[in-house]
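Following this line, the structures themselves.
You will see subunit A twice below: alongside subunit B first, and alongside subunit C after that.
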Partner chain A sequence: MTVDQMSTVADRLRSTARTGPTRTAEGPRSSMTARRHRAFYMFVSPWIVGFLLLTIVPMAYALWLSFTTFDGISPNWHYVGLGNYRELMNDSVTWDSLGRAGLFAVVSVPLSIIAGLGLAVLVNRPVKARGLFRTLLYLPAVVPPVGAGIAFKNLFDQNAGATNGVLTFLGFDAVGWLADPYARYVLVMTVLWGAGNIMIISLAGLQDVPRELHEAARIDGAGSWRTFRSITVPLLSPVLLFQTVTGVIASVQTVMPMLLAPLSTTGGITTVPQSNYTYMIHVFAQYFALGRYGYASALLWVLFVLILIATGLIFRFTSGVVFYNVDPEAKK
Partner chain B sequence: MTATSLPPKSPVHVRIRVNRIVLYTVLVVVTGLFLGPFGWLVLTGLKSPGELASAPVHWVPADFQWHNFADAFDLIDFLGYARNSLIIAFVYGGLVTLSSAWVGYGFARLSAPGKKVLFGILIGSMMLPQMITLLPTYLIFAKLGMVDTYWPWVLWGLSSAPYLVFLFRQFFAGLPRELEEAAIVDGCGYGQIFWRIFLPQSWPVLSASFVIAFTWTWGDYIAPQLLLSTDKSTLAVAVMSTYVSSAGTPITNLQAAASVMYVVPILLIFLIAQRGFVAGMSTSGLK
Partner chain C sequence: MRPHAGAPLSRRRFLTLSAAGAATGAAALSGCALQVSNGAGGGSGETITMMVKADDITPELVRQALKDTGVSIKRVDYDITKLIAMLTSGNPPDLVRGVGAVDAAYFAARDVMQELDGYFAGSRVLRVEDLDPVNDLWRYDGTTQGKGPRYGMAKDFSQDSMYWYNTTAFDEKAVDYPPELDPVTYEEWLETAQRLVQRSKGQTRVFGGTYNGLYKATLLSTLTASAGGSLFSDDFSRIDFTTPEARKALAWYVDYCKLKVGASLVLPDPNGWDGPTFQAGRLAMCNSGYWMGGMIATDGKLAKVSRLAPTPVFEGGPRISACQGGTGLWMPRKAKNKDAAWRVFEWFFGEAPAKARAAGGWGIPTLTSLRPLMPAQDDQQKRVLKVQENELEHFSVVAFSPYTTGDSFEALFNQTAPAAMKGEISVDTLAGRLNSVINEQLKRGKEQVG
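Entry: the complex of A and B
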């Protein structure tokens, strides 16, 4: 919006506030309140409209499609009720890919959090050039997925990759990293490369831990591991919980490293190694390789519900463990 | 440290020294491991095809093939794809920054019945799996004839991003009350207050938001791959899929060189805008 448009919006708002139904009985104060209310909805409306049109409508559309045989081409697609859902329940590919996605989340999320937290503790120490180390460790998290994927593809290349170079130098056999069954390890390592993200967020949390707590613990004779476990981790737990939830959601949606890892020319769905054929890859295959929009929409909705359940369960099981630091000053 | 009062060769002193050495060694090794993949990408981009094909690894190219970078530039319409990426990133980054600031102002400084619920939905929607909504959105865009245009990015930009809205809300909520009070007494509209008083105060957040949104769009592969045809597509898609010989085999060294040229601008932007970027990241910790 330009300045002019913006001020006309403001002018219009002002004029309606003046000439509009002024509730004289309640005095000018409540008309001010009414003006604030209208202004609030004027400000948040782009998000509301966008959320309805670009999130709710597509999700509803997908729900409708999931009850049909729509494929985008054939004109006589029809309603099949729960047929797609019945089919996916009976398809072993669905279950296998779901298992792989779950395994990927269960392995990669805790590892990333441990790595990120470890890095944060490391660069929170008073060392020289701390800022430089932080920047360098965070840098990989800024590398776009395509760059990261191509970097790891070259790093783990069977002939020209550095990893096999080190292995053969040490007297081991070269490994076909980008094929089954090793591709899954490359996948996890690609994700771990971005642990700088969690490092930065944990670092902000670490710096919020009051100094006095650490000093009190040291006076009581607690070692550094004990202090970390009993003071740092509990105080960081809300941040860690948030990272776990967003990490699980992100890992289930991950498709880029799976598509990129294969040796083949351009990557793509059909060349994903079996061990990296996760649920989301299955959805992509059904969507784009086969054009089965109806069936793929059912798969998407099942995943959506599963994510909701998983998120709920994570919150449920951590409710007793996560420690929320309540600032007594903030409460009146 | 109390260590200064101890005699220089005391066991405590030695232990602290050893600890320091171990700490620095770990730091340097870990940092090396984290930079390794990128370093290897650069090295791969400087090798000849022969060096990449033969089995014992050539750690360092015999001759640095600097011309690979020029070749990668010429083999495909690199500049054209980069321009497409820039257009999308600027359009989306600019629009989403303004719209998110606008919405963030509403959540920070105004109130109305239903605000709490709406804010809850906003925060919850940050956790919505975007890949799940993207696929049906793609079908809808296809129906509306918006495939192969940049309209989807305009719409996404106008509708603000929950994460950036939250960023702006946190910033605006921290500004003093007096800022708009005088203006309200003067009968100034909220739109004007936002535009004349709040926006000029928020350059740090505006630039952080723009950099974050720019980086998202520059790095995004799936949306342009789905929505755009090859010649309208972005550098991410081109780097990924166009470095293929006529025989259908990948041209590894040129692809690596192109990836370096694709990634380095983002790294530079990050290094320049680092402070705001990291502040934005930390806010997302949502304590």
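Entry: the complex of A and C
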């Protein structure tokens, strides 16, 4: 085939693509498109139904509850409009718990990202038994929270814990780790203990950084730290942004470590030390200890809106520092 | 325009269909939830649903129930959230576990409990004259717990303000044992605990004593009663920690926490309860009633050094020795299978399981006729039984408010009190704050009940 002939065929194909199928082919093609659509919707429908049933319906129900005094069992609950929202605006316990949740996020998210990234950098190096180290460092992330909680309780028990054993051996006085004000430090340690999750994601990101960029930087005379700062971190920035956003959302919603690690008695939600009494613990207490389903639902809706705002702010403030290999806006 | 058959689904149509599917699914799920009880009449061959803990009804007991009564038991794990869902959907279990001291008035006031007086009147197993007074915790007359119709029954009980002590801890510190049958004062108890505690470098080797009650609500209301007062107003719609008696009780408990002689919110015990610490010989006095003898009896060494002591009193106050639990069963008003449930109720409280519990030493039987079964074979058991029998003469029901739950009280107290336990606020300030937050909760509860 000559170049002219090829050009003619290509022109015809382009022309066909522009004008669409001929009238005679419309029936079967339309039917195929319909089948494709049906197949698509059938495949996604379990998720859509699940989303409606398990997310939208409960959210709508919680929204309705937030306008009532419903407590699950009493006969005389009633509609109070925005009463619950007005009450939470004036509830100092709510704002204090929100402040603690914010502080926890501000401290735990950067720390766990730094720890996870640091571990990822370490296990990304060509060292002996690298696979073993990766497994060992990831292992705490798969330990069930209850097991981790019991381990931390025993580790930090004032009278029989290993931590105080070391402290007293060194001549220091024992510390009441599981009570105020130290319980908050134990909580942060509990979160850091599970940094293996972040390590795995960061490790995947690190392995995606083109090796030639590091080599080029090295040829230009950049040291390890400079290469890490100017090449690795910018190329990892989308991963770090993802970890920041999901980390903030997860840390604000954290409940289990508060309940398990520094828990004093079997009293559950009612015995969380004050320093770990965060927003979600407050919500949990309103639902399950005080039976205030309406008020607790209002608290949850406020948290939902706050998380949306926080996520938006994070995206806005990081837009200038996050570097994408592929421009996410390109297809728009 | 209506889409024709075979046409591609539009997004809008798809979402509409999904919503319809979700609604149908929700209805189907709700329908499934209705299938808890078989809804048939009572008697042999029936199946009932019991919402209890695994220890309450073991698989062996389920088999025994079928053999003894002909009724099959389907056990559902006790879960208050699930219970509320089942109650509100109109499909409650046939029998539900509950703590008489804090649950009975709460649920009865909300009209979800079945009055059982008619069943008791016709029963040859559970005769009213045979019922121990502790079962009055399951009575409620519309205002006050302890009076009126019966809504449930306790499976066994203890007088939960009593305490056990370890003679070795007393001997080590050359402290006299408490009198066997006469109570010490709460102030003396605290002083003794301070003498018994063994500390070094900020660590406690042996705790002097724990005193936390079963719930803060029951602890503080019984302490207040021991000081000669009442924590609640006559109609149980308000609380007052500023009365001299309630303040005295509160101040004593705050002192106990401040002195750190035993576990509290500011000195947590990672075991979660006192049993393991007492068993390890690291707790000199342990606030638990007769039921803990069941655990102690399984450890010969521990049994030799363990003694039960009467509930302390406040100087000049009455001798009050209440039950802070009275855990048992109640029947929801909308239970589908009441007659079969009552048959199991009789069996559980008056037949083989009740006799086994009485002989086990894990609690005082709630039928007076079963008391001879309480263990009294060896010297230790005889000594314990003597103290316990003497203590029974001082039993009384300390009523709790129907307008709040034990958990609500606990949550609000635990949120407010640590500041006083750490010395950051005075007892008077704490009393004022507790009045404020708990009265707010009681007010909401009263509005809900109507």
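Basically, the second predicted complex is superposed on the first by the 296 of 332 C-alpha atoms of A that agree within 3 Å, B and C clash if a C-alpha of one lies under 4 Å from a C-alpha of the other, contacts with A are read in each partner's own complex, and residues count from 1 in each chain.
The rule is short, and it goes like this: a residue touches a chain if its C-beta (ideal position, glycine included) is under 8 Å from a C-beta of that chain, and two chains touch if they have at least 3 such contacts.
Because the structure is predicted, anything quoted here is derived from the model rather than measured.
Peer 1: Figure out whether A:T168 sits in contact with subunit B (first) or subunit C (second), or with both, or with neither.
Peer 2: After superposition on chain A, A:T168 lies in contact with both partners, subunit B and subunit C.
Peer 1: Determine, under the contact definition given at the top, whether A:A204 touches first (subunit B), second (subunit C), both, or neither.
Peer 2: The answer is first: A:A204 touches subunit B but not subunit C.
Peer 1: Looking at the overlay, does A:V57 come into contact with subunit B only (first), subunit C only (second), both, or neither?
Peer 2: After superposition on chain A, A:V57 lies in contact with both partners, subunit B and subunit C.
Peer 1: When the two structures are overlaid on chain A, which partner does A:V49 contact: first (subunit B), second (subunit C), both, or neither?
Peer 2: The answer is both, since A:V49 touches subunit B and subunit C.
Peer 1: Kindly classify A:T311 by the partners it touches after superposition: subunit B alone (first), subunit C alone (second), both, or neither?
Peer 2: A:T311 sits against subunit B, while subunit C stays out of touch.
Peer 1: Determine, under the contact definition given at the top, whether A:V245 touches first (subunit B), second (subunit C), both, or neither.
Peer 2: In the superposition, A:V245 contacts subunit B only.
Peer 1: Output check: A:Q274 vs subunit B and subunit C. Expected answer is one of first, second, both, neither. What do you get?
Peer 2: Second partner only, subunit C.
Peer 1: For A:Y41, select first, second, both or neither according to whether it touches subunit B, subunit C, the two together, or no partner.
Peer 2: both
Peer 1: Where does A:N159 make contact in the superposed view: on subunit B (first), on subunit C (second), on both, or on neither?
Peer 2: Both partners, subunit B and subunit C.
Peer 1: With both structures superposed, pick whichever of subunit B and subunit C touches the larger number of subunit A residues.
Peer 2: The partner making contact with more of subunit A's residues is B.
Peer 1: From the superposed pair, tell me which subunit A residues show up as contacts to subunit B and also as contacts to subunit C.
Peer 2: Touching subunit B in the first complex and subunit C in the second, residues 37-38, 41, 48-49, 53, 57, 72, 154, 157, 159-161, 164, 168, 174, 264-267 of subunit A appear in both lists.
Peer 1: Spell out the part of subunit A that touches subunit B in their complex, as residue ranges.
Peer 2: Listed in rising order, the residues of subunit A that touch subunit B are 1, 3, 6-7, 9-11, 13-14, 17, 32, 36-44, 46-51, 53-55, 57-59, 61-62, 65, 72, 119, 122-123, 125, 127, 133, 135-140, 142-152, 154-155, 157, 159-162, 164-165, 168, 174, 193, 196-197, 200-201, 203-205, 208, 238-239, 242, 245-246, 249, 252-253, 255-256, 260, 264-267, 280, 283, 287, 293, 296-297, 300, 303-304, 307, 311.
Peer 1: Quick one: which bits of subunit A touch subunit C in the complex? Just the residue numbers, please.
Peer 2: Within the complex, subunit A touches subunit C at residues 31, 33-34, 37-38, 41, 45, 48-49, 52-53, 56-57, 69, 71-77, 93, 153-154, 157-161, 164, 168, 172-176, 178-180, 262-267, 269-271, 273-274, 277, 285, 288-292.
Peer 1: Mind pulling up the subunit C residues that touch subunit A in the complex?
Peer 2: 6-9, 14-15, 18-19, 21-22, 25-26, 80-81, 84, 87-88, 107, 110-112, 201-205, 263, 265-270, 272-273, 282, 405, 407-408, 410-412, 414-415, 418, 422, 441, 444-445, 447-450
Peer 1: Under the definition above, what is the set of subunit B residues touching subunit A in their complex?
Peer 2: Spelled out, the residues of subunit B in touch with subunit A are 23-24, 26-27, 30-31, 34-38, 40-41, 44, 47, 51-59, 98-99, 102-103, 105-107, 110-113, 115, 118, 121-122, 125-133, 135-137, 139-140, 155-156, 158-160, 162, 165, 184, 187-192, 194-195, 215, 218-222, 236, 239-241, 244, 248-250, 252, 255-256, 259, 262-263, 266-267, 270-271, 274, 278, 281-282, 284-287.
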